[in-house]
Amino acid sequence: MTQPPILRVDHLKAHFRSSYFGVYREVPAVDDISFDVQPNEIFGLAGESSSGKTTLMKTIAGLIAPPLELIGGNAQFSFMPPATNLYGADPTQLARIRWSRLSYIMQGSMNVLNPLRQIRSIFRDFAAVHLGGSKSDFETKTANHLSRLRLDPSVLDAYPHELSGGMRQRVTIALATICRPDFIIADEPTTALDVIVQKEVLGMIRSIQREMGSSVLFVTHDMGVHAALTDKLGIMYAGCLVEVGRTVDIFNAPQHPYTRHLIHSLPRIGDTVQRTGLTGTPPNLANPPSGCRFHPRCPLASDICTVERPVMRQVAPEQRVACHAVAGADA
Amino acid sequence: MPAYFNFAMKRLWQFVLVVFIGINIAYVITHVTPIDPVEQSISAVTSFGNTSPEAIADMRRSLQELYGLKGDWIEQYFSFWRRILKADFGPSLSAFPAPVTSLIARALPWTFGLLVFTTLVSWSIGNLLGALAGYYRHSRSLKLFGVLAMALHPVPYYIVALSLMIVFGFIWPILPITGGSAMDVAQGWNWQFMASVFHHSVLPALSLILIGVGSWFLGMRSLVSNIITEDYVVYAEIGGVAQSRMMGSYIIRNALAPQVTGLAMSLGGIFNGAVITEKIFGYPGLGTLLVDGVYAGDYGLVLGVTSIAIIGVSLSVLIIDLLYPLIDPRVQVAS
Amino acid sequence: MTALLTLNNVSKSFTRGGLLSRHRIEAVKNVSFTIDNNRPEIFAIIGESGSGKTTLARMILGMQEVSGGSLTLEGNRVGGRTRKERLAFMAKVQPIFQNPFEAFNPLKKIDYYLLMTAMRFGGAADGAEAEAAADTALRQVGLSLSEVRGRFPHEMSGGQLQRVAIARALVSKPRLIIADEPVSMVDASLRMAIVNLFGELRDKLGLSIIYITHDLATAYYIADRLIIMQKGEVVEAGAAREVLSDPQHPYSRQLRDAVLSPQVTAPISIK
Amino acid sequence: MKRIIFDLLKYNNEFRIGVCLILIVMTMAVLSFFSPYPPNDVFVVPPDAPPSADYWLGTTSRGQDVFWQLSIAIRNTLAFGLLVALLSRVISIVVGLSSGYLGGWVDRVLMAINDTFIVIPLFPILILFYFVLRDSMSTILLAVIMSSLGWAYDSRLIRSVAMSLKTREFTGTSVFSGMTIFEILTREHLPYVLPIIFSTTLNNMNWSIGLEVTLAVLGFMDINTPTIGGMIYWANQHTAIVAGIWWWITFPVLTVVATFVGLYLIAVSINEYIDPRSRLSRMGGGQT
């Protein structure tokens, strides 16, 4: 465990700042978040809608465009020169890194492939520069890679609309992995899929990740997916990271009251325990609660929670929690 | 292929429908009028000068036949259609006894050439510049072009043509402002004639192109500024796809489909523009023929040009529609 | 024992394509089941996309014609031909949709729909009666008219909106509620509250709910009976917990095995 | 609505320029009510006088004051455009909303007719109308004819919005709240198409005024009602350009161009305001 992390997120802050027709709004979508991703692991990021998980992913990926602004902190990949992040890196450097070292699997496979372009050409557009070699070399490489994902080479002749949703998502995964990148960012890649296809696609992501030894940052709100796929897990609530640790530890011994709720509220086939929903409503990020952002809905809330924001504390060797009610050493 | 066949049949059916409704409108217009069109036409023609009584009787007979005033309305209706289908609009009254069909045949190449040339030029230039303006949103020169296009695009053809005529005909007279070629040059496939045709077409073509470029530019610019926020463009951007490829295969290619549809839908409007532009510059095409036909009270001519316009425009729309699947493979699977 | 809703070999096919390549798509094939009037229940229809479950729901709601078989509510054809018949039908059967943020016109205040329903179905003669009916319905879902009055949809959370949508359906005092994926767009922390509410409505108000979902776990949790659909056909039917504990049809098994439970057991299989 | 106008005035340059142009044109139109000369009288002032302190925009060869002629002409032209736009709005709203909501064969029939009207070249048809009606072609009749020809493109726009509104869940809620189809179309769907209706009204005015000018210039309409097209017609009849009476042609052209550009800019800025995509890109934060 002394290996340096492949991604170090360090007190990252990114806010939406907009002045729309005179009304100024500042939304702290990513608020002081720190965690590491080690080589060869799948790091999961969980949270409900508008918890800031997609924004966090975008900030890490350097996809920061107004009104999103980087306020502070850093997200540093080990394959970048020290103290640089993707945001503001120079274009030639970015062009080298993109797809060969860092690739993406995006939400909504429906629209991420150019509808008017054959799959073959899309592969060439993205990967030919990095893989090099002659045209026939490239064709062979592509076909081999597709067969690894149990995709018939004939999909190369298809247009995106001719493929089913599951098929398209598998093509996207093949596209994202063909250059054997060190790091893959995956944003809700299976949310739109049916459960049977979802399981298949998750297995595929898992197997190709193990084979290549890449790291994956996997964002989804579905706790079942996290339980089945990820090695480490971070839980987000209202723009803050509230708990992070090994997935197995978090599911077996969740510490933060929100995490506990997330895991325990979900019904399972085979047990008939009465499950309850959380009271209250998710906070409005434009106007978040003071102190701990979870306190209005928290069963353990005390006075301090309303005024002071809890810091991350180490509660187990690889588990950190931000909660006043959970005892632990300062991280 | 059966999908394409289906698609083509549907388009063909729409074409037939357009022609059918269009010609019916023409029939209704000419038959519900309270005025006696035959006497009106004849008085319009005879007021120009001395026509022999025999010629007037001849005219009256052919007009009555053309209007289909014989028999009951069903018979009238069918004889009307028979004439349209045979492209027989009778003799022209203003150029008696030349048949209307030959007048139209003489004018058609001029209009066709002018329209095809200006439409292709303005469509391609407008779309290319529009795509660049949508993609490079901060370019100053493209922004300036946008302002110009915004000021020019809403102005009707007539005003633009008139302004060009004033500028190049009176203030700075360097271009011919009337006719299709110089009077003293014989028509034929020779350089001298071609050069003269080109010289004379500059102003009419320019006025059509100026407006055309502006509107395609504006349409394309807003399309592209929407397309660059589409997932597949964002994805290609973070995937490091080369700029030229992005522009060509990702942005322009996807904007092209709606612009081709747009072209089909605006052909009618473009034709309207050509009619008036031709008239202003005395260009010997269908537009001039139509307007002069009205002045001369030449019913057969007006009906003939109107019918040809309806059929010609919808035929062009049909051709564009049939080529559309080349640009967008998706229509082949859509129902 | 009278039947509330009876489906007898209900089928639905769509015709696609033009004159020459016309082909039929059978969205629903020979579905039969009965919901009893005296025994309120939550009846789950389980299926993935393309299984025909939404088409089936739309037919039960009378929003789409049946192309084969018969579909009756208390012996009468669903939907109704005249407006009067339709109103009588809609008073008994009400829908709840998937996306609570879309269930109300964003330009209109929410209470407008509650009051409208009360006037058209609830027999409310004037504004005061309508308000009383709306308030009663809202209290059944844990809200009240004073919390909702004058508010626009964007001012409320997804969970609240879904409650209001349920309350609106309750205003007409229906016998049957058709809920199409009612919690799939609701945040996980609020989801169980809605699911539990369905159980309460069944037990306290005695109404039946057809719960359409792809989520086997909530179906196991709340449903009494279920059918599993694949490509328009019912492949398995029975008591919810029995079927899901021990599915018989290969497809149901595949479906059950693909459910990812929120617990770490074995890592996902690598084939 | 008030809010939208206020926002646009404050932050949108195109809208501001458009409003300025239209205000100028409208002021001209309103001034016509104070004209010292009856609009159809000729030789009330010395002919062919260039712009001066007495005759701000000069006088015509027919002895009319260009300024006052222009004010009545632009008033008539604007009224004509507005009349055509309003009448054709009625058709396009009814066709668009019901075609989109009802779907099925109603939609197929209406859209087949609709597409026909989009494709047919209208100008020859208008000319044909004039040809048979001649002197009975009044301005009002022309407006009616034009509005029954010029609704198709906009009704397609409205239909596409109506189709997406139909699939939105609140339409289902409305149906099951007991609303009638008429109530759903007018109360639930109409508010969504209002901005489109507004911007297409302006574009349609441009279209109809453009055609009116063109027809009038050719003499194909009632040239005794003073309009911008009519003014240019008379100027052409007196070969004003050749005779050097440039003010007779220039000022009507400038006025009508200001109208076109003004209406267009307002329509464009409203379109941009209502387009959810461009609005989202300005607001941002749609997704977190």
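For this structure, a couple of remarks:
By written order: A, B, C and D. Residues from 1 in each chain.
We adopt the following convention: a residue touches a chain if its C-beta (ideal position, glycine included) is under 8 Å from a C-beta of that chain, and two chains touch if they have at least 3 such contacts.
Source: prediction; values computed, not measured.
The chain pair with the larger count of C-beta pairs in contact, out of A-C and A-B, is A-C. The most distant chain from chain D is A, comparing centres defined as mean Cα coordinates.
When chain centres are taken as C-alpha averages, the shortest distance to the whole-protein C-alpha average belongs to D. A straight line joining the Cα centres of chain A and chain D is 52 Å long. Measuring from the averaged C-alpha position of chain A to that of chain C gives a distance of 33 Å. Spacing of chain A relative to chain B, judged by their CA centroids, is 55 angstrom. Inter-chain centre distance (chain C to chain D, centres taken as mean C-alpha positions): 48 Å. Residues 61, 63, 83, 87, 90, 94-95, 97-99, 102-108, 113, 116-117, 119-121, 165, 168-169 of chain C are the ones touching chain D in the complex.
Within the complex formed with chain A, the chain C residues making contact are 48-49, 157-160, 187-196, 214, 216-218, 220-221, 241, 244-245, 254-265, 267-271.
Of all the residues in chain D, the ones that touch chain B in their complex are 14, 112-113, 115-116, 118-125, 127-134, 136, 153, 206, 209-211, 213-214, 217-218, 220, 232, 241-242, 249, 253, 256-257, 260-261, 263-265, 268, 277-278, 281.
Contacts from chain D toward chain C in the complex involve residues 168-170, 172-180, 188, 191-192. Contacts from chain A toward chain C in the complex involve residues 48-49, 165, 194-196, 198-199, 202-203, 206-207, 210, 221-229, 247-248, 251-252, 258, 261-263, 265-270, 272, 275-278, 281-282, 297.
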